[in-house]
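Shared between the two complexes below is subunit A, which pairs with subunit B and subunit C, respectively.
Up next is the complex of A and B:
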């Protein structure tokens, strides 16, 4: 790698990019801005709040009250906003490099440079940040939560996770793997899996702390808003999907065409589907909870209610800290090609449907399904590689069987 | 003595009634024993498809529209329902034009058509509301079927269809039962004198098979279980531009004008499988008149009612029927309205009344966040 590509120079480059007038082009793009994360909606909510109108009394605003509080007082929504977003991205990249070091994978600086480069300039997260989608902050908070968990600082980690949960309810399901990570080690356990030795009772204070922070944040939110309307509009949106604006996810199309009679049942099914992944992944990867966290985040990115490109983008960024499994990935080229293909298709069919009008929603939904397939391929390949790595290189003439 | 006089007067009256003077004989000639007794004509032309590849359905409806206008029905009496996405479609190599033949001889779109329901307004609900007259309040006149009990209504439907249904706009269907019930509602509300339904779609005869109201004549392009076929494709437009049945009917109607005495029987007896490529059907059991006495212009043409008056009418002197607008009344209305407005403001929703930015709770919220952050970072 070139020697000028240091993490700090990348950070400076990122800040320079932030100064370009890119948000005007991209802040409304459906792939980057979902009803929960779009910047125009945030501005609308802040404006309403500053004019003493409850932004949760109907309308497009679905951001968390904590974000409402911060953006209407201390954080910028004007010309300086791209710099703030770039700073959040740089923070996330820094966290990822730190996690990589703690995990013990850092042999030399070149690998760290690559990780920082890919985090900052991965098109999925990069475009989301230029579109000023608040998923950048979600990603940064996730990275902070994981970093503090790796550093065995339960308070900071749980606070980060609690703040993340206020804006993305699905992150609640990351509590089990992070709790496991807090009581065990972030070091790589994939190659030589050991049984889980830490006592599960020690997660109880961690979990209690998380819920205490969550309750405190909910109280602050209610104080800020004045009543409980924010619960139905933010967390309720993830559970009941009131807004079926197209996004790269799999929920919206399903629920646009569903009869109301079946809606509660299928909402339950989709939510339980997400919950169902937590226990198996945590059990199977108990020897490496950091890996379990990343795998779960990848699964949630594929199947959550309002994903944007930033969620699978975060997953792709974080798999860089597992270089030990790369030789065992079975079809990385296929996954990459699928991602390339589906990202082109998403843009193309979105335009064909909503701009030109010569296609219909099926086109775009087909492209989201291909995108979901690409993400699914990535996650399942990573799971395979994570398990396969334990067997190592199998010499000729030997075979692995199950007894 | 008065009774005989009355009897004589009565018999004279009866005799004079029986006497055919020259004017009476001409009138009798015109009206005939089986003449239609309608006084106005309406046409409802519906193309129920959208998208470029259904160009021919658009051309069907537009061709019928042109013919019906040429034969005398004015735009005010025509309801044209189209998705209207062919002429200005990005794929149209001749923008703003719709053609119905392979050589592109005649532009049916032109600059003189009035589409009443276009795009996504063409729905099953809109169509049935149009027929039954139950349109939402505020619907403009051009979108209402203002027929009465002396109107002959010509309904033309074209699109994709099947057994007992016609597909509307690629996402819903009208069933033959709904259509039959809508027409019965029309009959009960005295909204037609005679109704002529023509359908060009696959299995089209099923659409008229469920009618049970009187005075309906119906014809369709193909039997149940049979497809209707398109006629020809234009090489430059790239899609089929007209359907066989409609092409056949339009060619037949092209030979006649407003004064033609051609009858329905003339048209129906010319139906042949070779040209239409399907077995066209006719339903006339609900129709009171014989088909060879029913003129095509009874439905396709417009009856222009001309009343010849001998006396001269004076206009303007002796008081006009229209009174000048009462200016005083208007001013009073304006004042009344202005008085209302301030009062309305006070009754505004109290929740929206500005209270001032929630400064207190914001400050406390920020302090709480800072406290949480501190407790987390510096360990509690």
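Up next is the complex of A and C:
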């Protein structure tokens, strides 16, 4: 029975599902998309741009000018759009399978099957893709960047990361682990950690390449738009949170209830908090930079400014390439239950608050708290397992703890 | 007293010729109500543009003249209304600005947008002081600059001008506004037709409104109200609880006009102009008490002109974060009518223009060909949306225009004190344009030239209430501590994992 389930057949199945009539997912819009990724906003921006109105002069559009350029010229926003989104998902799944092969060194068909199945049909990412949120492209670009880093191709990897940064500023913080990955090896170093031997000076051309690409893309964006108004509306949104539309993240209600006097300080704190994770994780997991990349992505998915369900969805998808740490996870069932519980509550309380009017914002806020806890538990458990894996099997009666 | 005024008039005639006319028109409406329309016009002949002259006025109100001069306002229109004007029953209003609440629009002479904004702030605050109305809160959250509607009624003087339009739908009108309004009149409330402005009668009328219009040396103060007479046969006393004690001697013309087909008036009117029975107060006997009787009460043949286009606007959708805007424009004429539809929405209501849907009657086809031109200024907090399509309405048809919209989530401090009431959306304005598109050109000094005969007709929609999702206002501290606790918990876990050393210990 299992022989016909290959990654290719799953891809075909995914395309068929994409071609099926879309259910109306508009009631889940706040879970599946954010003001930076929502499809109606993209269509509005393209419409305004085609009618000679600067979409960044106001209105709901917050996508990057590169996406504006592509979707107003070659990419479809009409009936063919679900196919494009499914193709991006399939690309991401293919990248993940390739990364798993490079890391493992050999082909494990049943695992690859599972990885592809999870990536294509994980409800978090699957529903986000069906809702046509552009986080699908963000995820695909991330997978491309990591794949090219595993293949030791700095130009392609940094280009993918630069394009990803134009739509998601938080991805800038993925530069350090990817640079380390480029100069070292994607092979698993968790079980037998080796000291980091590559010279750090060799990251300088990589970093320089990334910033060169980023500057070039910014120049292209300015040409597309005509002026610099896009910077404040896209990147500025991540830093100043002008739009407090509810999402499964931790920022929106915090900054809704905040008085104006304290707002700049806490915006700075939340952004610095994200930056603070980069150096420790990269240092601690210098023996396995691919693991550091995935852990950091999970932390950003929990704590970034405008997360949707696609970001923790990507994290859950990518931990499938670390089967060596699964025996050492301390509470996987708890984490899974928390995820299940909070994702159902998110939908329920959102409806109660905004559609039926019987609940209030606190219900939804509480479910985002539980969701944040679920994500946080997943990441911390993975970090523990990654560190614990180095000890391997230990005799009965003994255990590994921290002092 | 009269010879004092005569001497002043003589002195004034040497400096600046002023003229004051007043008129009251009482019209019987088809549903038995009575429309009262007071007009008080003060004309400055040979006035400098911008009132840039020595302001020795006798009839023209000095306070208003100084405000107009100081802020460079070449044209001013202020309306304070309460109630809902029923276009179907009452026809076209004599004063077209019948939006509920306060509406202020003005053409300001300024070098650039910054100076225009500065002058606008000073201007509306000064007017707020004069009329005791909250016009000062017509801030950048409510001010727009429509491109196609609200063109100048007369050609503007030389110099660059900018339009500022703002509405405050929740503003009330009461005696506090009427008293300074009457103070702008030469005879105040002691003589002439202004004595009939009884606040008790006026403010209990189903619709009442004050308006101030200034264009190029002509100041027109108007009051329009729709009264409910207690009986079909009414008099000035039963309708307004007042009678005119004496005529205003400085008025060049003072006319009381009654339009009621088939009615008998007592005393006899002096003239009959096209069915309007008029009294000239200069030659009437005082106190003037007019009684109207309808001897034949089976025939009630009062016809009023209704506007060519009727407008209905509603918000659809029950979710608090998304919905739709539905606009129905009905053309009752036998030929095509071009209209410009002005929609100014506050910044937190975002229209999705790409979802525009135009249909005619029951035809399911999309009729985007009816859309001639679309002027759109997207919202950028706090500036509002300005949407101005020009539509061509087919004869005897109903055109339905739909948009999807999204309602934003406001910060704690942005919500008003009564947050659950909702926000008033300013009324939409339909301006009926002439059949061929007149060229809107700019003169050499940047002046706007608009080739039209008379002001175009305007139809206003009802104000809507937008219900925004509110956060829990009792929760700032709780939210901050709970979110901070979660972040600290997770950060602490990660920190521990990073920094603490690992040891293998014996489980016992």
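Assume the second predicted complex is superposed on the first by the 386 of 403 C-alpha atoms of A that agree within 3 Å, B and C clash if a C-alpha of one lies under 4 Å from a C-alpha of the other, contacts with A are read in each partner's own complex, and residues count from 1 in each chain.
By definition in this document, contacts are C-beta pairs under 8 Å (C-beta built on N, C-alpha and C of every residue); 3 or more make two chains touch, one makes a residue touch a chain.
Just so we're clear, the structure is a prediction, and the values are computed from it rather than from any experiment.
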{"item": "Greater subunit A contact set [subunit C / subunit B]", "value": "C"}
{"item": "Which of subunit B and subunit C A:53 touches, first, second, both or neither", "value": "both"}
{"item": "Touching partner for A:372 - first (subunit B), second (subunit C), both, neither", "value": "second"}
{"item": "Which of subunit B and subunit C A:73 touches, first, second, both or neither", "value": "first"}
{"item": "Touching partner for A:108 - first (subunit B), second (subunit C), both, neither", "value": "neither"}
{"item": "Touched partner set for A:361, first subunit B, second subunit C, both or neither", "value": "second"}
{"item": "Contacts of A:254 with subunit B and subunit C, given as first, second, both or neither", "value": "second"}
{"item": "First, second, both or neither for A:44, with subunit B first and subunit C second", "value": "second"}
{"item": "First, second, both or neither for A:226, with subunit B first and subunit C second", "value": "first"}
{"item": "Subunit B versus subunit C as contact partner of A:216, first or second or both or neither", "value": "first"}
{"item": "Subunit B and subunit C contact sites that coincide on subunit A, given as residue numbers", "value": "51, 53, 57"}
{"item": "Touching residues (chain side subunit A, partner subunit B) in the complex", "value": "49-54, 57, 66, 69-70, 72-74, 153, 155-156, 158-160, 213, 216-217, 219-221, 223-224, 226, 356, 358"}
{"item": "Touching residues on subunit A, where the partner in the complex is subunit C", "value": "26-27, 29-30, 40, 43-44, 46-48, 51, 53, 55, 57-60, 242-246, 250, 252-260, 273, 277, 280-281, 284, 299, 302-303, 353-355, 357, 360-362, 365, 369, 372-373, 376, 379-380, 383-384, 387-388, 391, 394, 397-403"}
{"item": "Complex interface listing, subunit B residues touching subunit A", "value": "52, 90-91, 351-352, 354-358, 361-362, 364-366, 368-369, 372-373, 375-377, 379-380"}
{"item": "Of all residues in subunit C, those that touch subunit A in their complex", "value": "318-322, 350, 352-355, 374, 376-381, 383, 385, 404, 406, 408-413, 469-472, 475-476, 479-480, 482-483, 486-487, 489-491, 493-508"}
